[in-house]
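Multiple structures are listed underneath, in structure tokens.
Two complexes are shown next, each including subunit A; its partner changes from subunit B in the first to subunit C in the second.
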Partner chain A sequence: MPDFIAQWLNQNDIFTAMTMLEYWNGLVSTVQLVFLSLVIGLVCAVPLAITRTSRNPLVSLPVWLYTYLFRGTPLLIQLYIIYYGIAQIPGIQETFWWGIFREPFYPALLAFTLNTAAYTTEIIRGAIMSTPHGEIEAAKAYGMNWFMRMRRIILPSAARRAVQAYSNEVIFMLHSSAIASVVTIVDLTGAARNIYSRFYAPFDAFIFVALIYMVLTFILVFAFRKLENHLLRHQRPISN
Partner chain B sequence: MKKLIVAASCALALAAGTVQAKDWKEIRIAFDVPYEPFEYKDENGELTGFEVELAEAMCAEMKADCEFVIQSWDGMIPGLLARKFDAIMSSMSITPERAERVLFSEPYYNTPGGWFAPEAFNTDVTDMDAMKGKVVGVQRGTTMDSFVTENMGGIVTIKRYTTADDMVLDLEGQRLDVVFVDYPVGEQTVLSKDGFKEVGEPVKLGEGVGVAMRQRDKDLAAKVNATLKKLKKDGTYDTIMQKYFNYDIKM
Partner chain C sequence: MLDLKGYGPALLDGAIITIELAFLSLALAVTLGLIGASSKLSSNRVAKGAATAYTTLIRGVPDLVMMLLFYYGGQVAVNNISDLLWEAYEIDFFFQFDPFISGVVTIGLIFGAYMTETFRGAFLAVETGQIEAARAYGFTRWHTFRRIIFPQMLRHALPGLGNNWQVLLKTTALVSIIGLTDMVRVAEEAAKAERMPFHFFIPVAFVYLALTAGSELFIKWLNKRANVGVVQGG
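The block that comes next holds the complex of A and B.
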């Protein structure tokens, strides 16, 4: 650690090495929670979005209901229902599920994943629906079957159209993860709340944590800009 | 130069005239409800409880016109400093950290912290070896939180809750082995349910509960201290206490 940081920490009542460690642990659980829920959510969302575009209502209606439910209710309520609701199921404590749901991490991961998967499903569905008809016709003319059309034409083209909207969803998810602290997870916000209640210094504790969230958001924005440049490079003007 | 000095002293005199000391005929006092039996709303929606009645007696004694403000716990000290109210009488324990931000009166009561657990729990809470790996629930920022953090930090897993209700839900759901909570709260929320018991001895913690005021309002603090002293002596305090408690919390 550079000298000036050590010096600053020593003369500071609130930002001691102890609280820095607490913030660091909070950062680790926030990143874990957000990263895992986004990855699992995205993996679930692709097949869900494809079923959602099906013309058969028996296939598309359940997915519509799922996205409607999870986009129609606040994430906080979903988290409360999953975290406290599971503990209320009679006899759950004796089953092996309790090993998983006893800790707050997995109920929170489940709630976040279901929530982000619902939004991502709708984002991808919109992108699939807006695939130009000519692209699909051309693929059909080449004799591609449904699976090949999906894999080679529709999904890659949809990904290009979905990436901007999806980057918003990722940032919203990072910020929504702040509510994990209400179910005893010590994430970034949880660490800030603990430090605030120990020193009664709301400005110091929360402004510091807000800066960390801003840095995380900046990293995400930067990464998505790189990704967009990569996916949409065929649309860039050739000159300069 | 002389003129300037005269002008300046005139201005000073004027300023001193307007910034007269407040005579504290109107006091706004904040409570966080519900926190039975200290402050809660009765079936008619009226604010009542031990601290509310004590505040009423105090205001009557000081011949002050008091307004009671409802404020949630998280915003208590910020609200006081932002002058939304003048005093907090909401079971705020006196701690050195808080005393840096607010001015406390002499303590007016002290309740111990109590350990509460399901019937099946039979570990000695003072035996650190036996407590190893147990999950303990506390309310964030309370003296019970500080006690467990300092004395059992690396030994037990500490879970911090904002409300006692959430904590009791997790105790019922078996996510917590034991909770360490303000005795009256535990009595109200945990012991009132079947299958729970008190474990070990209540622990006397901290320096008691005081009226919290802004640092600068030293005149108000002096008045409050004198009034509390009188109420404790003339039996008013005891009458109110006996109405709400069957144990002694006087300090």
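The block that comes next holds the complex of A and C.
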């Protein structure tokens, strides 16, 4: 081991087992929060995107309004409204929901889910709208009904077109999740803020956490590239 | 009428700070984006590497972490430099690293990386024949850039620029976390003091909505203007 690293490790009071544990717990919260909100958001976004493409304005307009409101305002404000607002709903403190929403994790999860669902809805809608008309005509000619067309033709083909934009949304969500630390959740950023204020060492605390986020981002980028290659393998050039 | 319990003027001041912050960061981001894109496309390997490192680094780290690093770290760095200068040369140099400057620097740096990608694509979209023709007419490099490349690349950059601006506008809300009294901060304080979260956050949300909706219309208009004389396919 080079001398300067050994020296640095000997003088190091910040990165002890205790702080590492704090970072680890933060990592667990961040991953839980991001993973759950993305999964629930995606599950909600598919039916929402289908309703959004409906020709009946009574059906599509409410979904448009939802995505417009959530995409047009900062996530931080949505988080504040939900976090501070839930406690103000009359009578909620007597119901069992209060036991759930008293923890900051769940209001944050709700805010993140609603936000990512709005963005994902628009991504999927764009992909559905750009389905080549011939594919739908062919499906109709085969006698497929609406449900079967959706399930077998439109959604799989839309998924291929959406995956690139969706990977950006996933990374965006990972980065946005840092604001969970403002509602007292100890996620990765929250852990870094605690460690910063204990040691007054901004560079150590924040650069370390930035590196963790960077590793997470690169893992996601790599995984999505694999997924894209898998989904688009029929378009791969034969040579090379 | 909406009763803001006397917080109205503070909220208005906060909104002005938000808008100032957004425009200053945009100016910094566009400058960094132009420099970044030029270095990415240059044949100089050092410049290319630096620009690639910059964009990769920025896109891997959350904006809030970056902002906290600049805000808390910036002050520590200034203190250290000031100590060093005083001990070595007896120069009295000190300034308070305020949240507004940290906000502008961080948001500018982050969106500079996104702008780099936008401008890089736009530069590449200008036909090389145009540049060759300009060079053949004896234009200097600067002239080629100003008269030929820049006006033509702007048209291709506009949609990306517009998207980045919309995201930037919403990112400005984060400066409330490092203590700048923008409208989110004022609303938060008011909501806590009055115990009326909806009452204060929803109007602020609508100000953001108005800003993004207004920008959307303006960008659409700019796009239309920039594409005058271009026959669109389709």
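Convention: the second predicted complex is superposed on the first by the 227 of 240 C-alpha atoms of A that agree within 3 Å, B and C clash if a C-alpha of one lies under 4 Å from a C-alpha of the other, contacts with A are read in each partner's own complex, and residues count from 1 in each chain.
Following the convention adopted for this analysis, contacts are C-beta pairs under 8 Å (C-beta built on N, C-alpha and C of every residue); 3 or more make two chains touch, one makes a residue touch a chain.
Please read these numbers as outputs of a predicted model, since none were measured by experiment.
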Partner chain(s) touched by A:138 [first = subunit B, second = subunit C, both, neither]: neither
Subunit B versus subunit C as contact partner of A:213, first or second or both or neither: second
Touch count on subunit A, higher of subunit B and subunit C: C
Which superposed partner A:72 touches (first subunit B, second subunit C, both, neither): second
Subunit B versus subunit C as contact partner of A:43, first or second or both or neither: neither
Touching partner for A:182 - first (subunit B), second (subunit C), both, neither: both
Subunit B versus subunit C as contact partner of A:148, first or second or both or neither: neither
Subunit B versus subunit C as contact partner of A:6, first or second or both or neither: neither
Partner chain(s) touched by A:198 [first = subunit B, second = subunit C, both, neither]: first
Partner chain(s) touched by A:84 [first = subunit B, second = subunit C, both, neither]: both
Set of subunit A residues, in rising order, touched by both subunit B and subunit C: 84, 88, 182, 193, 200, 202
Contacting residues of subunit B [partner subunit A, same complex]: 77-78, 97-98, 100-101, 140-141, 145-146, 159-162, 166, 169-170, 172-175
Of all residues in subunit A, those that touch subunit C in their complex: 69, 72-78, 80-81, 84-85, 88, 171, 174-179, 181-182, 189, 192-193, 196, 200, 202-203, 206-207, 209-210, 213-214, 217-218
Residues of subunit C touching subunit A in the complex: 57, 59-66, 68-69, 72-73, 76, 170-174, 176-177, 184, 187-188, 191-192, 195-198, 201-202, 204-205, 208-209, 212-213
Complex interface listing, subunit A residues touching subunit B: 84, 87-88, 93, 98, 102, 104, 182, 184, 193-194, 197-200, 202
